[in-house]
Amino acid sequence: MSGKAYSTAELMACVMARHLRDREVAVMGAVSMIPMAACRLAQETHAPNLSYIAGGSGAVNPHLEPLVFSSCDAENLRADAVLALPDVILLEGHGKRFDVFFGGGLQIDKYGNCNLVCIGDWHHPVLKGPGTVGLPFLPRAGRAVIYTTSHNARTFVEKVDFNSGPGFLDGPESWARQGLPGQGPSLVVTPLCALDFDEISKVMRLKSLHPGVRREQVAENTGFELVIPVEVPVTPEPTPSELAILRRVDPTGVARNLV
Amino acid sequence: MERTRKVMSVSEAIRRFVPDRCESLAVGGMHMHNNPMALIREVIRQDKKIKRLITSPSADINADLLLGGGSVEEILTAYVGFEHLGLAPNFRRAVEKKTVKLLECDEPFLVYGFQAGAGGLPFIPYPKGLESNDLHKINPELYRFTTDPYTGEQVMTAAPIKPSVALIHCQEADPYGNAIFKGSEFTDRQMIFAAETVVLQVEKIVPNLAERYGATRVNVPGFLVSAVVEAPYGCHPTSSHTYYTYDEDHLKVYLKACKSPESLGEYLHQYVLGMAEEEYAVEIGLERLQNLTTRGVSE
Amino acid sequence: MERTRKVMSVSEAIRRFVPDRCESLAVGGMHMHNNPMALIREVIRQDKKIKRLITSPSADINADLLLGGGSVEEILTAYVGFEHLGLAPNFRRAVEKKTVKLLECDEPFLVYGFQAGAGGLPFIPYPKGLESNDLHKINPELYRFTTDPYTGEQVMTAAPIKPSVALIHCQEADPYGNAIFKGSEFTDRQMIFAAETVVLQVEKIVPNLAERYGATRVNVPGFLVSAVVEAPYGCHPTSSHTYYTYDEDHLKVYLKACKSPESLGEYLHQYVLGMAEEEYAVEIGLERLQNLTTRGVSE
Amino acid sequence: MSGKAYSTAELMACVMARHLRDREVAVMGAVSMIPMAACRLAQETHAPNLSYIAGGSGAVNPHLEPLVFSSCDAENLRADAVLALPDVILLEGHGKRFDVFFGGGLQIDKYGNCNLVCIGDWHHPVLKGPGTVGLPFLPRAGRAVIYTTSHNARTFVEKVDFNSGPGFLDGPESWARQGLPGQGPSLVVTPLCALDFDEISKVMRLKSLHPGVRREQVAENTGFELVIPVEVPVTPEPTPSELAILRRVDPTGVARNLV
């Protein structure tokens, strides 16, 4: 994003941070540099009582400064507390402990289902993904926040080849039938835009366009028909104070330089 | 009578405690941290056959190297990858070419399974909603269903996991196998509790471990441990929490080497097969290892 | 914006977080150790009605005092006693005279139940052989049976336990509820994980707790805790691990007082109802409290 | 036991200690001062690799010196390692972790079943006992060692009023039908004698008489018909070196003065 005072990753972090509320508890897995920066940003702005858990490390409220690549890194253990991983998994199953669960996938479909398992048929995969780890817990979280650094039609597909991180499943009926404790996916953050989900159809909906991005560009890079409201606002740019915090938390650009 | 010390060399530990055909081998460590690489390299050196490899919820080079250089029939895992460095080359190739049987599961299947294995529990039922993904469809042998006797509802279950052998890295242990994790435990302590036999590699043997840290911090009891191997920098190229960080450059060398069978063969010769484990650190270079410093946690 | 401190007085904590009719109240501590007595005395003072009292696998005066001085409809427990000092007088009387409904269970029912409650698990199936005692016969509501989907056998189950409120003693906490057990954890940490609301009493509030001990030792995360009450000697007459030992003489005074309703009434007046909790330590005597020294563990 | 160089409790500790083998793992609950002394004695004599866990404290190999009353005491945490109690419970369920489980009861019957729950009918108890805690795990231990400080016909009954700590259940058939991992009760230690169980009938059998105790005395104080072999040896007295160890471990007589 040459010419801008901020990187796209920083904008994405701001979008996520603004979505988090005070007193909430968030959790994230591997490759979560942007969500981690977002959580620290939220804590330093409007959500001082936000708690977050950095994946497999079990660290509760890692102080970062500096943010590092691996969510399991010992650097995260400069924190408020540390849980053994089985305790984190226990809390993920509870259904009322985590307000926000950050997820993602090689594929993400129109109902917010994620796939980290494979492209193609599981028995004869075109590409074997790494595996789904904790994404099956998504339906037990208050809200799922989905993010990806690649917004294209290969990632955003009509239907995931393998559902490893459930969103609204096959749509509103199948979701309602489950009667799950969480509200399902609530926000999707990409390098092009922010998206949420239509309340009735549960289909992904354009929420705001990042500065300089056209709605056609989003539609072209999405492999299914998005809900696109008549008026789509522009994602507010990072404020100077947001940027100052992000750069203190991430001085080496671990998150900043991702996109 | 004297108490028996369990300290031995890496070659003796693997020779004595990993059968030539190992029914199920669990390897500790998560992502690029606390992988028991000294033990794993020795398993490859001694050409052990592994019927089932079992990983933590997120495996890395611990599983990928065994898939590339060892003999693994099937793998029970929820993730093999290199986090921000990309996909796991040997895992991906082996699965796509079907040279390994993949028992794909999710993180709770492993965590619940180790719990059940450790506790003699016949299974663990999943929280509602975790049956809404597709994993149970491809794995009806692993994932099953039964009735919740309190509600009458059908619930999905995870099977107990009892590895024949677990290879685990702890930062420090005493000579009797009482040991301590100085950073994150990941699922390594669970693996210790679930496995029939446990081989520990440690950065340092500390004879007065409980006195030094307080017994309440020593949460691996020696009676679960069969062998203790002192292997400084034994997690390289992964990190050992609080001791050193991972060697990203070496991991990239590894990933590059995995691109062809020839270069993988060269890698294996240079770092595994062509030397005893005790020579590994010298091959990597002591100065290089000493530079893998962490900023340090507040311990 | 400022982070919100959770520190408050014992009376405010009980007033705000224990409903006047509390559906289920879990009290921490095991045998004569780590009983959250400051909180429990305040529950009696504020005359809270407890529908179901839930104990650790071995309760002591924490449960017995509530049964003697408070209002408890039913109790879920695996043991109430005073270890080498004998049986629990109010527990025994209340059960024999049927003034309380006893939900009698075994230790694993509580441990598995807290685990299930904490993890959203619908139940935990018992290991084989634990159905061979008589408990399930008197408790068909608690103990049930289902099918092990891997073997087809019938297995007994423990139900999830989710206390509405848990009263727990930790040795130290920071103002945000991150806390540390300095000795044994017993099942107190499980209760914290399983409960909807947690009130902590601590010997000392330590603002830089994680920095002081290392975050890896701080294994109670503040987001599970609603209130932190600083109550030095708040476990008296039971011990607080590493801080002080139990007051055997006082426990004997209590046991003797429980022999008649009159003497129990006097005890309650002298140590509970007739004063604010802040005056309790003075009533016992500071010198006496300071003499309850432990030989000390190697911390 | 006036006139003797040792107390009955010390003799009981010696009987238990001699039963423990090197490399075994033992576990015990509350009011286990004699078993704890026995474990330390075994470690200091023939079983240096014995491990034992002191009840709810989770302490592995407490050093004692001095032995204290409460198995949950912080004093036990001078030890080799410490487990959280849920981990101890987990290991108790495993079936192959603990070779020896020390138990006891208000009532003990001829098949070694123990009762800590109540005397009389549970719904209308004559005496409400404290509760059974972990005794239901007895059938998952390698061997159960039962002990009591009161050998009389109220304790040793034909059939327990409530089976809260299973021994050989209703006898050999019902035991065999269960196919459990352990060998069942193997030793009973009382102030009068040591007992084991007949291999075929699974009925409690007199194994050795403590010095000065007559077999009639045991029979009179037992509420069911014991198996009494023709030859019953006398329990070997504590040796001077056993006594020296016990008194170092228990200088204040916490176990010694019990009986």
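Here are some notes:
Letters A, B, C and D mark the chains in the order given here, with residues in each chain numbered from 1 onward.
Keep this in mind: contacts are C-beta pairs under 8 Å (C-beta built on N, C-alpha and C of every residue); 3 or more make two chains touch, one makes a residue touch a chain.
For clarity, every value in this text was computed on a predicted model and none was experimentally measured.
Graph distance from chain B to chain C, where chains that touch are one step apart, equals 1. Measuring from the averaged C-alpha position of chain B to that of chain D gives a distance of 39 Å.
One simple way to say how far apart two chains are is to compare their mean CA positions; for chain C and chain D this gives 28 Å.
Distance between chain A and chain D, defined via averaged C-alpha coordinates, is recorded as 56 Å.
Shared interface positions of chain D, i.e. residues touching 2 or more other chains, are given as 59, 77-78, 82, 84, 89, 93-95, 140, 181. Each of the following residues of chain B touches two or more other chains: 115, 119-121, 126-128, 183-184, 210, 214-216, 297-298. Because contacts link the chains in a way that matches no line, ring, star or complete pattern, their graph is best described as other.
Chain pairs that touch, as defined above: A-B, A-C, B-C, B-D, C-D.
Partner chain D is touched in their complex by these residues of chain C: 30-33, 57-58, 77-81, 83-84, 87-88, 91-92, 95-96, 102, 104, 106-108, 111-112, 114-115, 126-130, 132-135, 138, 183-187, 189-190, 239, 241-242, 245-246, 294-295, 297-298.
On the chain D side of its complex with chain C, the touching residues are 30-31, 33, 56-59, 66, 69-75, 77-78, 82, 84-86, 89, 92-95, 116-117, 122-123, 125, 127-137, 139-140, 162-166, 169, 178, 180-182.
Partner chain B is touched in their complex by these residues of chain D: 22, 25, 45-49, 51, 59-60, 77-84, 87, 89-91, 93-95, 97, 140, 181. Every residue of chain C that touches chain B in the complex is listed here, in rising order: 119-128, 144-151, 153, 155, 157, 159, 181-184, 210-211, 214-217, 297-299.
The touching residues of chain C, when paired with chain A in their complex, are 1-4, 115, 118-121, 174, 176, 178, 193, 210, 214-216, 218-224.
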